């Protein structure tokens, strides 16, 4: 997509924002970011790691973010800083057209209860519904078609993209980003069985999202049964993730797409769960755990480190031969032990 | 979350509703439920199973739901009944603020076709859209932003939370609960290939949901190709579940989060599928089957019982060593057999 | 579901549309499609493959689509053609009540920016929001409650079912079908870590959907970080699918329900991914690859063919015995090799 440039900055301005060391012409005007290969003279590129150095000598970028030790092979103006990928993240914010769009105030087609507490410069989009007793902090943006249930609170600087649902009583921190289609505070899955049928357990807890949380498109975080479901500060949640009732997730943890976490499990701080990972219920995962994609975790983890399960894909012919043997593993173990015993006997 | 108490009940009133044996002061006023550890004097707690007995002697709850055999260690008023967890479920309904909210009638910002058949005391929220020919039973609640397609029917006492989509012609039973973001009756995935490209097969069937069904946030149930997709009575479906076209699910079956069921599969009555379970298409799963989390079922199941697949997570170092051997299993089997033959030869 | 018949056609008319050889009475009026078993005299059935031939001799259908070689056992009027399943797909379009519903124009409760470029015969449903700079091609249908962000383009003949979200700048091809609850163009999952916390990388790319794409209910396709996420022509995507930023998918590829594709992976043309398949990031999957349900792909695939991973479900008792051995596989391998060496020594 080619966006119209929303803002322009000189390289000198960008260097100052990043605290980077500018080597070259600071007057060049920059209108966006691109990869080393694609960038033109009005765009900044970056060298995130050594594997990109091969593209550096041919770049036509207006400037390149890089570490000082890579400066010698850079043919254009450079912005030297210790963490170029972080610099890229910081600059990217300047060129996001969503962030550059002026605030729209409260759209006449929004339905906002009389007693809603509105901070300064709040935007509420068309057809959004904000129920009684809601509190919206300063500079909150509620996208078109969002629903904010009775008594919910959204902290300052948070942005709800269109068609987000925040159920009654949910508490959202500051600078939180909720993407379209996500649902925060739907009922947890709780029923009592009477021997013949299910009886619903009303989900009387809520969801608490810390500051700087992000939740991806179509993800769901269910409300607690009695206590709350609690997501820490700076937790990043990708699309299509399901977090069940009474889960607690520690600060700075990141969950990739399609992760599912069952009820009452606690995940520590600074964890990373790969795409499609499943955590069973009532587990405790300590700080600093990484789980690789599509692994199933059925026991608590008490040591930081990387964890995995499953097997990678192979040709179906090869797989058929081997997968059928899985059912024979216990038999193999016994036969192997017997042979060893006779061998030693 | 601390909700304002919506209702208060005396312990005597609660005992009568549950048919429980009250031992202690029935005049105490109760404003909610909590765990044994958290409950205060205006809250009721419960002993769901023996593992909670350790918290019983220190509880400050106003009363505790428990089985008569646990009465001796209870320091506070007790409500004795055979299934305390069921009692908790029943009481929880009394304290749900959503259920206690007075009905709002038809909001002026709802868009309701002229010929919609409305039962008594129906609520339709702001920005909901109800198309022509829809029938809404008594006490149906349609949340803000919901869409009800032409000719759909919603049975008495059902509640659609905000931003639910029910497509044209879908039939929803009585006392059904649909959570935000779920989609009932989107097209099944059907195409014919002409050797070079796909041709869409219009999905001319519908979805039928029985009575007392619950569907979680962001779940989808696709409409049938020619016949209908049919969900039985008292089927409970968690969040992020996908049910493909022409699936049939028997009464009282429960599906945990992220389950996926492929087309035309039939699941029996009183089954339980754990989180992330996948069922291939065109299978028959008999009554009374439980499948543990993230298992893949590729064959029909004809015997009740518990079924599993996959392997649990281990440290990545350990996993790397072992997972690579999976491709050698058939080779192992042959080598093991050869050794045994020579050993016996 | 029994829809009121929207259209009627004579068998002669249907034969002409399909280019089929009509053998029997062409004046019979047809009001729909059904299976061989269920069809009545005003419905057409079909024999998709030999396994259905057993139902042919008893059918009461008004006519049957079949290959000429199956004509001898057909007791009713027949429509002979080389690919009956394709014929069924083509006829199914004629009986879809959604397609037969007259266009509604722009509903007064839609919120449409002044500068939107509208093609001929565009329909925009109630409570839809169409932002500034959007272009809608001829005969585009935007369902109730949809959101179309600033600068997005929707090609001619495309249909967005209710409650779809298309974010700013997204480009949708012609004749595309987007089902309810799907989100096209939410942010990709990109953050830089500064050693203690995450910094968001604004997702400045977009999503490009080719012509004839279909996206199922509650699926999400994330926008690119710098470049775009690109979905080719005639790509068919089922419900609950997650496609991460900068993924590229070739023409005619089909993704079944609950598939997840991680960032920057490229999938070729004419591929088929089964339900729940996961592709790791930064892979290349060549043309003509099929992956069976719930497989995990962690390496690029350079040869067309069928690929699989995992193991199917078995009884939990059997599974427990065998799954525990998975952690011993490397040990088995070493012990087996030692025995062989001694055996040969």
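Some observations on this one:
In order of appearance the chains are A, B and C, and numbering begins at 1 in each one.
The criterion applied here is as follows: a contact is a pair of C-beta atoms (placed from the backbone, for glycine too) under 8 Å apart; a residue touches a chain by one contact, two chains touch by 3 or more.
In UniProt terms, the chains line up like this: A, B, C = UDP-3-O-acylglucosamine N-acyltransferase.
What you see is a predicted model, and the numbers here were worked out from it, not measured in a lab.
At the interface between chain B and chain C, under half of the residue numbers appear on both sides, which makes the contact a different-residue one.
Least-squares overlay of CA atoms from chain A onto chain B yields a rotation of 120° to the nearest 5. Each chain gets one centre point, the mean of its Cα atoms, and the points for chain B and chain C are 26 Å apart. Listed for chain C are residues 127, 145, 163, 181, 218, 240, 258, 310-312, 314, 326, 328-329, 332, 336, 339, 343, each touching two or more other chains. Residues 1, 3, 32-35, 38, 83, 85-86, 88-90, 92-93, 95-99, 101, 107, 109, 125-127, 143-145, 161-163, 177, 179-181, 212, 214, 216-218, 234, 236, 238-240, 252, 254, 256-258, 275-276, 293-294, 310-317, 319-320, 323, 326-330, 332-333, 336, 339-340, 343 of chain C touch chain B in their complex. Those residues of chain C that touch chain A in the complex are listed here as 111, 127, 129, 145, 147, 149-151, 163, 165, 167-171, 181-183, 186-187, 189-194, 196-206, 208, 218-220, 222, 226-228, 240, 242, 244, 258, 260, 262, 278, 280, 291-292, 295-299, 301, 305-312, 314, 318, 321-322, 324-326, 328-329, 332, 335-336, 339, 342-343.
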